[in-house]
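Below: a set of structures, written as structure tokens.
Two complexes, one shared chain (subunit A), two partners (subunit B, subunit C).
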Partner chain A sequence: MLRKATPRILAVSLVLALTLLLVATAAAQGAPVERLRIGILGDESTLTPYTYVTGYPGWNLLLLQYDTLYQLDLDGVPQPWLATGATVSEDGLTVTIDLRTDVTWHDGEPFTAADVKFTYDYFRAHPEAGRFARDLRPLSAIEVTGDAQVTLTLTAPSPSLALGTLADVPILPEHIWAAVETPAEHDFGGVNIGTGPYKLAEYQAGQFYRFVANEAYFAGAPLVKELVVVQFADDAGSLAAFRAGEVDMLVRSVAPEQIELLKAQEGVTIAQGPLFTTQMLNYDIGRTPFNRLEVRKAISLAVNRQDLVDTIYLGAATVGSAGWIHPASPYFNPEVVTVYDPEAARSLLDEAGIVDSDGDGIRELDGEPLTFELLVNGGDSLRLRIAELVHEMLLQVGMDAQVAAVEQGTWEEAVWPGFDVTQGRNYDMAVWGWSASVQADPIRISQLVHSDPALGSLNLTGFVNERADELSAQLNSETDPAVREQLLDELQLIIADQLPFVLLLYPDGAYAYRASVYDGWAFMNGQGIFHKLSLLPETARP
Partner chain B sequence: MSATVPPLSQSQQHTAGSIRLLARPSLRRFRLTTSNVTAVIGTLLIAGLVLTAIFADVLSPYPPAERVGRPFARPSAEHLLGTNDIGQDILSELIYGTRISLTVGVTAALVTITIGTAVGVLAGYYRRLGSILMRLADIVLVLPFLPLLIMLAAYLGRSLWNTVIIIGLLSWAGTARIIRSQVLTIVNQDYILAAQGIGATHRHILYHHILPQVLLLATGQFVQATNAAILLEAALSFLGLGDPIQKSWGTVLYWAQVRGAFLTPAWLWWVLPPGLLIALASLGFALIGFALEQVINPRLRHNR
Partner chain C sequence: MLSQARGGRAVQYLIVLVVAITLNFFLPRLMPGNPLALLAGVDVGLLKPEERAQIIEGAGLDRPLGEQYLRYWGDLLQGDLGYSYRQKRPIVDLLMERLPWTLLLSGAALLLSAVVGIITGAISAWRRAKAIDLSLLWTMIVINSLPSFWLGMLLIAVVAVQLGLLPSFGAVTPASGYSGWAHVVDVLRHAILPVITLSVISVPDIYLTMRYTMLGVLGEDFIRTARAKGLSERRILFAHVIPNALAPVVTVLTLRLGYAFGGAAVIETVFSYPGLGRLIFEAVSGRDYPVMQAAFLLFTVAVLLANLLADFLYPLLDPRTKAA
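Right, the complex of A and B next:
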């Protein structure tokens, strides 16, 4: 009996195996997924360029419906998208952009050069969408110069045009928006016409968004047919829903202490990678003792960055580079070394004559003890822990950084009054951090270090250095990428040596999803996995 | 009048004799009754906590601010209640936390009672000033308590002192009204009238005849105020409005919450113990408070 049955079993299992193999290959090639549910925190309103709420994930959701002329690839480098390429004139002031001709709007109308001109003019005429009006600041004029060509005239050469403007501003359809006079209040009837891979099909305020795929998308039909974006009130709620299988992916990075727990759960995958957000120590360089380079160097030597990463982030962070740029960034200068050596910090202070003369464990500078306030936003628990540990580490080298936890508003107002560095600063030392966008565009390093507030608009520590001023001014007008990289390299070395701030660490992004539902997620360097490329077939990604 | 101070109308019905008893409660009345048993239990609980607070250095296995283990460690022989998110020993945090929680509770209660007694005595003795002070008390009483507390805490900033002051400033009104009603019954007594008749100063009467009569009542209020203050401190700290660097029971709970212990098995050793300590302290003070009230409050004593 058994022997007789064997060939049949063999045949059946062979067929089964073949089917499985086929299914597996299909999945690997990106067979469409019917429905994907993802969780976000809070409401993002009607998701037009004038109503979306947050930079992340609001802007990312916006760009599911709209496209930009350039699109960041997975390395975070802008590549032609609605454009096919751009040429920059010799003097850097004229940029000619060629456009695709095979793109249509969601309502079937063809996308043209006139739409691009209309959009750029519209955002400048209606500056309420602050981000896009700001993006277009380098622009003095835009003209349609061909069937599928626009020409931009700039006020000054702009090395970050592709990243900061072309890859950031969503293109709007002229035939819809020409009639819109008050964009923030305009009622589009819940229909956002764009060129993007998804159309908004349903929106319930405070509850969810439902997007359907744009099957005619020029880059290729999206892999997910229906995308449901569920809104949650807080982290705990979204996490519980994810664990219960009510959503298949969380847009917000998972807290370090939850990573191991989620990994242990059946079917959950965590995509972990570098983010360009920062945790750092700022100080007022105009004040004693921070006006002394030895003191700044001693602080940088005394903080054990690895310990901060291991203890507070449980390893889910990258040790800070004293030169500002993330080691995973293509612009990182490997010559920058960041050292932890409390012994060296102590001898540096000893040699500078900053010693503990009264035996209380705290050193004195000109008779004044090295006691200062370490300001921290009390609402941010991880930053609070960083402050506590920094206090402990600085105590080891004879400095007393007294942690003061205050409200977010108080903290911002002390470090960055009115978000305007010309108004000065009112703090000793603070735990601070910049969002990813400040580092994603390497040119913005000049804003951190230039002594003139017009250029150094993020120079919160009052850093003044002649060479840094020269280099960062040059960086802002240099259009040759090779020269730019040299300038960036030298600037990183200056920052690591002169310490306008002490960079502590870069938190990693950790995104939880269920691979069984959808496995196409791709980590974009420094930006995470939630972006439109993650939902497109690999062949469509630039 | 009776609507604003309900105890007054009834206590006025008592004879002069029963009111004099209130003045000198004799310990002979302290027989072994249910109320005494609760008093003993309450006293034992609080005594235990006070001893823990005093001998925190000896009792706790590690310095509470020192990182002595790996973060998020489960309970083990080295760390009976595990470690917190940066590797500090939770048991040591709680033992030292007893010191801070009790200190904040007692200090805040002292502030409450001082203000409450002063306002109550003055309001009972000087009628006109009294009506102004009582309207003030009414305002404090009708303000939505917790939201105001949270707003004040956010406005004044995070420190232990601010926590104490905020609690004190917002909880004196009840005490003031009880004390005032007591004073109102005293000022009409013959001996007060006599003292006024022979020309004693207000100050003399307040210090020598009135204040001593209300101190026992104030003590009872103090115990209840301590109870309330400990709970409020825990609530404020848990919401992140206390000083997050100071280790009180509430801040231990705060860190457990922000680092996700409520969602993991860690609630068993990180959330439950501080919760139990708060409950025990509250129970202890409440039991003592009940027992004291039986002795002090003329209405309750009369009914027994």
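Right, the complex of A and C next:
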């Protein structure tokens, strides 16, 4: 019996092995996955352009259902998407956009140029969806100028048009939205009609979303047929569910100390790469001692950025460039050097006459010790640890930055009262950070440094520099990419030299997923792996 | 006399309600932080001043505080709780979606902890200073000092992640398509861990109340009389001791019923359970004033009603207190 059975077992094993091999190759070739479950934190409401809650991942979920005229490729560069291309007039004020003719809405209606005009007009007439109305500010008018063509008239040449407008504003169907008067409160009955790769099939508040693939998607059918997006209340909960195999991917970047632990677990893959979020030191340049350039320079020289990356982020971060732009960005100026040299910091202060005259280890400036408050939002444990290490590093050069951990709202109000820089600022020094969107568009560097609040809406440190004003004003209207790059290069050098803030580091994105369930994830430079393209076949990605 | 006392009680409750609603209106507005960030979305710094003004105006936040307050009362009396800043959905809908889950969790936990607390409390008192009493007492004191989130996380790590016996989060399996019995079983499986956590941390209070009052009853003259009459121990326990010891325990339970509407913010968060407690947690961290106000209002009313119920039940259980 035994002898007889052996060949049969062999045969069965062989068949099994072959099947597995076939399955494996099929997966590698991008055969559709029936179902993928991913975890997010918090509720994103009904996911219309007027109700989604967060910039990430809310906007990304929104854009699973809707499309934009341009779409960022994996390098973060906008490429034609619902559009086929655009031509800009000599004076930069007229932009003609040609559109695809093979796109249909989820309900089968054809997508037309009229929809694009309707959408742009609608967002401007109903500015409650702040982000999209803001995106459309450069626009003075939009007209349908052909069967599949629209023409935009701009108030001024806009270098960010493709990135900030065309690749950001979701296009809405006129036949649905024309009748909507109060978009934020309108009840669409849970059905959002878009052109995107996914349709929202089910929403249970506080629990989950279920999306189904739009098989007729113009760029190609998505690789995952059903996408379940589970809402968790906190990090610990989502991590436990991921470990237990109840979700297959976490949309939020994994905390540094979890990366190695997760990697050690069988079947878990971590996609790691640069993110354009920042950790930095802000200070009020209007106050002593930060009005002294020597002090700002000494601070920048005294912080050991590599140590912060290694100690706090366990290596999962990139050392900050003093010139603001991430080294992985195509706009990074390699001439910018960022130095750690506490000895140089000490001699710089000595030469400026800022010395410790009473022997308590803290230097004095005009008789006042260099003692100030270092404000941090205590709820963010990584930031708190940054503040504690920075305190020690500055102590080495004779400055006493006393860490004050406060609640998020208090911290925000002190650094950025009313989210309006015209209202001034109420802090000495603070650990601060900007979301990825501020760096993804290099033009926004001007908002960080321009001294006029109208342009420098993110200038939280009160930085004033004539040359920086000139360059950033020019940057906002320059349409020649080569000139723009020169302006950006010079601005980075000015920032590294004049230090409107001290950039510490850029945390890396680290996203956990199970490759056995779905392996199509693609890292978009500076933005992570959760975006529309990750769910589309490689041939469909621009 | 009696009806006058009741009338006085009703006025008292009404005053408490008005004060609570007033506090409820002002407290969120005294919190640090600016709701503009939430109203305007992520890139709040890019708003032009007129756009800021428009948003603030749209939410009625530019009005004098007094006017906002009066308007709040007006809406409240019409049953309008307003819209969530954050989710832009009617708050009544948000509360109604969450309430059943919270009641399921809290109700089951209340029942379970009542049964366990009363039985163990009775055993402890009946066997006072014996080994079983001391070990129960020690166990309860240890449990009482456990942080609830820690217990929840421990259960998740062991039962859900290590052993894979039960789901680690949520009220149902997401997008399972279950219906009928399969759905009921799914809901129960998801409720087990949070209910156990919630029950375990609630038991000591009930146990201690039961043990303490029963010890008091055991020392009463009528128990000695019963013993002298030669009644069986069992008869004494069930016919005389327990019924007389229950009144304070019922009061504790009734008040807990009121708090049950508040959900258990910590437990619901640890288990990502879609209840009211988690809604509050999210509203507070997102400074969603209208949702905070509505949820706190609901709790206030629930706690007041529970108090009223306790006031009403106590004389029935303990006729001696009727005169008061």
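The definition used in the following text is that the second predicted complex is superposed on the first by the 517 of 542 C-alpha atoms of A that agree within 3 Å, B and C clash if a C-alpha of one lies under 4 Å from a C-alpha of the other, contacts with A are read in each partner's own complex, and residues count from 1 in each chain.
Heads up, the rule we're going with is that a residue touches a chain if its C-beta (ideal position, glycine included) is under 8 Å from a C-beta of that chain, and two chains touch if they have at least 3 such contacts.
Computed from a prediction, not measured in an experiment: that's the story for all the values here.
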Review point. Sharing subunit A, do subunit B and subunit C clash or fit in the superposition?
Key: fit
Point to revise | Partner contacting more residues of subunit A (subunit B vs subunit C) | key: C
Practice item. Considering only touches as defined above, state whether A:476 meets subunit B (first), subunit C (second), both or neither. Key: neither
Practice item. Check whether A:195 is in contact with subunit B, with subunit C, with both or with neither, and answer first, second, both or neither. Key: neither
Exercise for review: Could you look at A:236 and tell me whether it touches subunit B, subunit C, both or neither (first, second, both, neither)?
Suggested key: both
Check your understanding: In the superposed arrangement, which partner chain does A:244 touch: subunit B (first), subunit C (second), both, or neither?
Key -> second
Practice item. In the overlay, answer first, second, both or neither for which of subunit B and subunit C A:158 touches. Key: neither
Practice item. Mind working out whether A:255 is in touch with subunit B, subunit C, both or neither, as first, second, both or neither? Key: first
Exercise for review: Figure out whether A:71 sits in contact with subunit B (first) or subunit C (second), or with both, or with neither.
Suggested key: neither
Check your understanding: First (subunit B), second (subunit C), both or neither: which does A:403 touch?
Key -> first
Practice item. Just the number, please: smallest Cα separation between subunit B and subunit C in the overlaid arrangement, in Å. Key: 7
Review point. Shared contact residues on subunit A for subunit B and subunit C?
Key: 236, 240, 407, 410
Exercise for review: Show which residues of subunit B lie in contact with subunit A when the two form their complex.
Suggested key: 67, 71-72, 85-87, 154, 157-158, 240, 243-245, 255, 258-260, 262-264
**Study point:** Complex contacts: residues of subunit C adjacent to subunit A
**Key:** 31-34, 36-37, 40-47, 49, 51-52, 54-55, 58, 83, 86-89, 93-94, 97-98, 153, 156-157, 160-161, 164, 167-172, 174-175, 268-274, 278-279, 281-282, 287
Study note, to complete from the structure: Interface with subunit B, subunit A side, in the complex: residues 236, 239-240, 255, 257-258, 261, 311-312, 314, 378-379, 381, 384-385, 388-389, 392, 403, 405-407, 410
Practice item. Mind listing the subunit A positions that touch subunit C in their complex? Key: 37, 42-43, 45-46, 50-51, 53-55, 127-128, 130-131, 133-134, 184-185, 202, 204-208, 210, 226, 228, 230-234, 236-238, 240-241, 243-246, 407-410, 412-413, 416, 418-422, 435, 437, 447, 457-458
